[in-house]
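Going in written order, the chains are labelled A, B, C, D and E, and every chain counts its residues from 1.
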Amino acid sequence: MSFRLEAAIGERGFDTAFEVHDGETVAVLGPNGAGKSTLFALAAGLLRADSGRAVLDGRILFDDRAWVPPHARGVALLAQEPLLFPHLNVVENVAFGPRAGGASRHDARGAAERWLGEVDALALADRRPAQLSGGQAQRVAIARALAAVPQLLLLDEPFAALDVAAAPALRRLLRRVLAKRTAVIITHEALDAHMLADRVVVLEGGRVVEEGPTAELLERPRSRFAAGLAGLNFLQGRTTAPGRLRVEGLGDVFGVERPEADAALAGEDAVAVFRPADVSIYRPSEVPHGSPRNAWRAIVEELEPRGPQVRVHAATPRATIVADLTPAAAAELDLGPGSAVVLVAKAAAVAVYSA
Amino acid sequence: MPASAHPERRGYSGLPRWIYIPATLGVLFVLVPLVGMLARVDWLNFIPLITSDSSLAALRLSLETALASTAACLVLGVPMALVLARGPVRGRRWLRALVLLPLVLPPVVGGLALLYTFGRLGLVGRWLDVVGVQLAFTTLAVVMAQTFVSLPFLVVSLEGALRTAGGRYEAIAATLGATPTHVFWRVTLPLVVPGLASGLVLSFARSLGEFGATLTFAGSLEGVTRTLPLEVYLQREVDPDAAVALALVLVVVAAVVVGVAYGRRLAGAVSA
Amino acid sequence: GGTTAAGGSASSSASSGGSLTVFAAASLTATFTELGHDFEAAHPGSKVNFNFGGSSDLVSQLQNGAPADVFASADQANMTKATSAGLAAGTPQIFATNVLEIAVPPSNPAGIHTFQDLTKPGVRLVVCAQQVPCGSATQKAAKAAGLTLKPVSEEQSVTDVLGKVISGDADAGLVYVTDVKGAGGKVSGVTFPGSSSAVNSYPIAALKASKNASLAQEFVDFVRGSQGQKVLGDAGFGAP
Amino acid sequence: MPASAHPERRGYSGLPRWIYIPATLGVLFVLVPLVGMLARVDWLNFIPLITSDSSLAALRLSLETALASTAACLVLGVPMALVLARGPVRGRRWLRALVLLPLVLPPVVGGLALLYTFGRLGLVGRWLDVVGVQLAFTTLAVVMAQTFVSLPFLVVSLEGALRTAGGRYEAIAATLGATPTHVFWRVTLPLVVPGLASGLVLSFARSLGEFGATLTFAGSLEGVTRTLPLEVYLQREVDPDAAVALALVLVVVAAVVVGVAYGRRLAGAVSA
Amino acid sequence: MSFRLEAAIGERGFDTAFEVHDGETVAVLGPNGAGKSTLFALAAGLLRADSGRAVLDGRILFDDRAWVPPHARGVALLAQEPLLFPHLNVVENVAFGPRAGGASRHDARGAAERWLGEVDALALADRRPAQLSGGQAQRVAIARALAAVPQLLLLDEPFAALDVAAAPALRRLLRRVLAKRTAVIITHEALDAHMLADRVVVLEGGRVVEEGPTAELLERPRSRFAAGLAGLNFLQGRTTAPGRLRVEGLGDVFGVERPEADAALAGEDAVAVFRPADVSIYRPSEVPHGSPRNAWRAIVEELEPRGPQVRVHAATPRATIVADLTPAAAAELDLGPGSAVVLVAKAAAVAVYSA
């Protein structure tokens, strides 16, 4: 049940090669407009590529000559909008896939009720889609996609609109269900990737910019987008010595090579990555000296309350770096937009590896 | 969209107030002539006429043929509308123009066209004649004439509804494994119920009132081809006011058929 | 501008002294159009406008106040309606007559040669409905011949009968002599002796509402005069 | 839906294959009689007829009045459709039934009804007569007759489209501060363009082909009330084949007008 | 510009009283189907209540007799779906509000372009909504709602579908914009409430179950929903002594009274709240003794990878408690669904206060 797709659509600047192995779950990440939904539409057969081919389990889905229509592909799509059939009630919506697959009315209803139970929406069975709240509709749409039992399952932002109680429950449900299936999931949350995906693909501008096993990629991101997703600060430059990176505008950045990461050779493109919690802030006059560390002059742009912490966005000549402080520390420093500060990050907390 | 296709009772429907002025004028423009007609009818005199054998036979024939031709419009017209709205783009404009033609053809000329085609010496008719089938002067000819004039009404109004509805639900249904046929029956048709209802009402009404093409192609024989409009015309030769009374029967019957079918069943399918 | 267009054509006729509106049966379309031109030629400065339609239609319109100067009906029943509604100025006068003839397709597939042949089994006969003038004439003719006709269709007008014969769907139809003549070679006529028992007469009358009574009367006279009779005769109409 | 109202060229349109069978049958059923007509026309003989003064006058009158009555349908019918689709619920079914009545009325009877109402002795006409206005037998009467028979076509097909479109965008527009009038012009109308186009095409075509009501209510005066269908009818008294040729002119002109307006401008407004 | 609404809709089980003060931003939280969007529809005038009244800035929006139509309310709504007008391009969509408000074509376009710039969507100005990705459409919808400059702004899940780069940027934009406006925002993320809202209202089943200043409510939640939102474990019971709570099925729970919270009197309903990170897991045979602590027998239900940590869901007789462990610790304990464990939480880490 492996899936492979290569396709280009000039009009959308889309040109991607993409692969899912048998039984694997891949998370597709990327900024808005990166082409994630386009990828799904191509795989599901709702859109035709200018050129390319797709193969599912040895069957050609499309290439220059052939084109298998959506219903014969064995690819089910949970679209970005719930799109429940307005003329059917909830249970009929979920039973649609099984019915289309040839199940008897009774069996289809049984399956529908089972899946509705799984997404905790059995109580809504007799409602019309127009009578559902946004999150309720999303749950029913998930149940409908799962009930179709396709060879390849495509889920476009399945947890959008779900409440904080429903989202973890559904995440666990999908974790269970996807373990046995070949699936691709589009998400904007690192947690989804962590919990559900074996592998992550990052799309940007219609192209794959990075891919790899989930944990590895999110711990050692090589793109600004992936770093942002993992909540890490990210600097790009060239290595000058092991664990040392020349970043334009910031000078040399000191860090450590992660033993398990690829060692960066001198002069190579490399990145430095570190957590906001590992950045401390000082008044320019009070910068301490000591163990190998990085100190960058910066101007505070913004302070954000983040639960028990305060997140400070500070602009250096090269990039905006974020630092997490306790409210007490922020108050003591008397920070506000425009404050001149020095950001300090211990070299031991900065990972440097080749890009 | 369909999710709220039927305005909720408690929901918002922001019609500008001035819209009621032209709407009322329009309703009056339709209503007053009907009242003018009613005022002219001397019911006591006309009840025997209306309940005469020939009137009742004509009414029965009218209802039967109009229903049959509406069914024919459904069978032929829904696929035509679908192909026009969603089919391959090439030639769509020409196809649409073609389908619209019977719409502008004066009905009598439409009848002549049918006669030239399905008549004994016609393009198709001469072959039918060889196998012993003659259409002219049969009830089937009435149905054909009505279908010919009514078909475009169904096609055009349904095409509009199909385009307004778009094809997103169909696409989703296909990814759930539904074949195009399954999608057609379980998604497309139910979604355009309001548009289909409009189209059916239009073609039923057009069939029921059809006169010129029927007369020209099918002739006029009591119980076989003389529908109520033809009966009304004959009656008019004798007494126009009686013809009006007879026409009112047609109107009332049509209103009942349409009102029941459209008001309850079809429109209800979506709003319920 | 529409309001004045037709009203004006009638009312302004008095002042200009030249415009006439003639309501005439549709079956007179060809002959009256020609007569109109002739009349205009004979009366320089005059203009004749025609409103052709079914005779009963025309009467309805007249009863509802249609502005007209002359009414020419295809039968006497409708003219009677007009006179009893007090629309006619003076007594209507017959200006033409017409008799029935059997129309058959040129190949005459059913071999119709006599009136009796119309009742042969398998003959697809088309006639006018009894409510219209040609239909009542047909009934009279059948009665005179002592025959019961079994038509496959009782049409609304002669034109409809003729259409079925021309298309070949009917083996025979009963129409007027003038219709057979007017159809050129598209049908052939079979005359029958009993046709004289059902003669249809065409009455004409100037109307009271006319704003140009003298010109209206002149038109009536013109139709009944020698020039008018020649045109009508050429089309196959009989003399009054 | 409207977002993808126009199927994308590269998108999916899953029509079942069998649908092309009835669709083709339907197209043939419409097309073959037209071909049958064309086959009968001896163009060389008819070109003088078609280009005669009276034919051209009738054609001009037909186009003018059909456009005028389509405009009248627009002005009266759009508000009627809106009120039917979105207005207060009470009495909606009755209102709809009323509006449908002219649909089933044989046109000649419709003409009589107009005559009884707006004729010199009619319900309304007698008051108009007092102030010197006479409607019957004027070009305005032609427009009125055409409007009377065409109005329901616009109303019914537009109502279907309005219901299919739903009212969600209108609601959002209102929360952005748009008055109902602003919403009407900038949201409702543009959104139902396909349905409106269908409705306008239907009523234009119905007006163009209108015969019975015009003949009865407006008469048949050359240059004033004798539209092309009336001319065709008269021509048929003289020579049915010539009538067919004349009707074809009507058909071609209508196809051009409709094809240009519908194919490009209106349908394009959404897909572009 | 204060806003007050009380309304009931029997059919939806909705019965809520709700208030926003002048210039305040209120976050409305609650599970799917709680009635959040219903509240907005009532305020915007898209739905009629069975009974109730609403007053904005002294003007009655509706009551038993009066009813102001939506366009005259001065209430703009960002709905849960973007609902961009499909026949207008992006800039015309955003200019719609200003145009409707009487601005000239030129001014409206200027305003639209400004707001599009703010949401980083200026490049999309000439596109049709059908040509936008989900997140792009959402950004345009936000710009359109902001451009309307209403007296009261209602935002229903504004950050749904936004990518990890766009969401923080838009959060900062809204923080800036809402500071000057009276607004209500529906969200499922505690972060949104923290960053944007002065006050939080929790709806459940159509009723307000909890409300209060954001930081206070999220730090000391009194409802299970709010605790879940803040990512905290939550137990309900009755106090037996200061800082001690009797929880059915778990016996006495030991904690500390937070000085700033309301002291719970003995016998009163109270709650115990603690972080997943403060829960340790032991094998039943290896439970340590020592400082005042809570120890509960539990059965592991599930393990979730959560970035650098593992989240363990363990069922006690009373409630499911979650604990965050390092992957190494989880591996050492050889945890799996069904493992019998003991959960230990130091009393010092458990806050007890009256419900």
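Rule of thumb we're sticking to: a contact is a pair of C-beta atoms (placed from the backbone, for glycine too) under 8 Å apart; a residue touches a chain by one contact, two chains touch by 3 or more.
Keep in mind that what you see is a predicted model, and the values were worked out from it rather than measured.
Visitor: Just to be sure I understand the contacts, which chains border both chain C and chain B?
Guide: Joint contacts, listed by label: D.
Visitor: Looking at every pair of chains, which has the largest contact count?
Guide: Highest contact count belongs to chains B-D.
Visitor: How big is the gap, in whole Å, between where the Cα atoms of chain A centre and where those of chain B centre?
Guide: Chain centres of chain A and chain B, defined by C-alpha means, are spaced 54 Å apart.
Visitor: Centroid from C-alpha atoms only, then distance chain C to chain E, rounded to Å. What do you get?
Guide: That pair's centroid distance is 87 Å.
Visitor: Measuring centre to centre with CA averages, how many angstrom lie between chain A and chain E?
Guide: 22
Visitor: Show the residues in chain C shared as contacts by 2 or more other chains, in ascending order.
Guide: Residue numbers touching two or more other chains: 57, 60, 163.
Visitor: When you check chain B against every other chain, which residues touch at least two of them?
Guide: Each of 1-5, 11-12, 14, 112, 116, 122, 168, 171, 174, 179-180, 183, 191, 233, 236, 240, 270 in chain B touches at least two other chains.
Visitor: Would you give the residues of chain A that are in contact with at least 2 other chains, written as numbers and ranges?
Guide: Residues 45-46, 69-71.
Visitor: Sort out which chains touch which and give me every pair.
Guide: Once each pair is checked, the touching ones are A-B, A-D, A-E, B-C, B-D, B-E, C-D, D-E.
Visitor: Contact residues on chain B for chain C in the complex?
Guide: 112, 115-116, 119-122, 134, 136-137, 215-216, 218-222, 225-226, 230, 233-238, 240
Visitor: Taking the touch rule as given, give the residues of chain E at its contact with chain B in the complex, in rising order.
Guide: Residues 9, 45-48, 69-71.
Visitor: Residues of chain E touching chain A in their complex?
Guide: Result: residues 30-34, 36-38, 80-81, 132-136, 138-139, 156-157, 160-167, 171-172, 175, 188-191, 194-195, 215, 218-219, 225, 228-230, 302, 304-308 of chain E touch chain A.
Visitor: Within the complex, which stretch of chain B touches chain A?
Guide: My answer: residues 1-5, 168-169, 171-180, 182-183, 186-187, 190-191, 193, 269-270.
Visitor: Taking the touch rule as given, give the residues of chain B at its contact with chain E in the complex, in rising order.
Guide: Per the touch definition, chain B meets chain E at residues 8, 10-12, 14.
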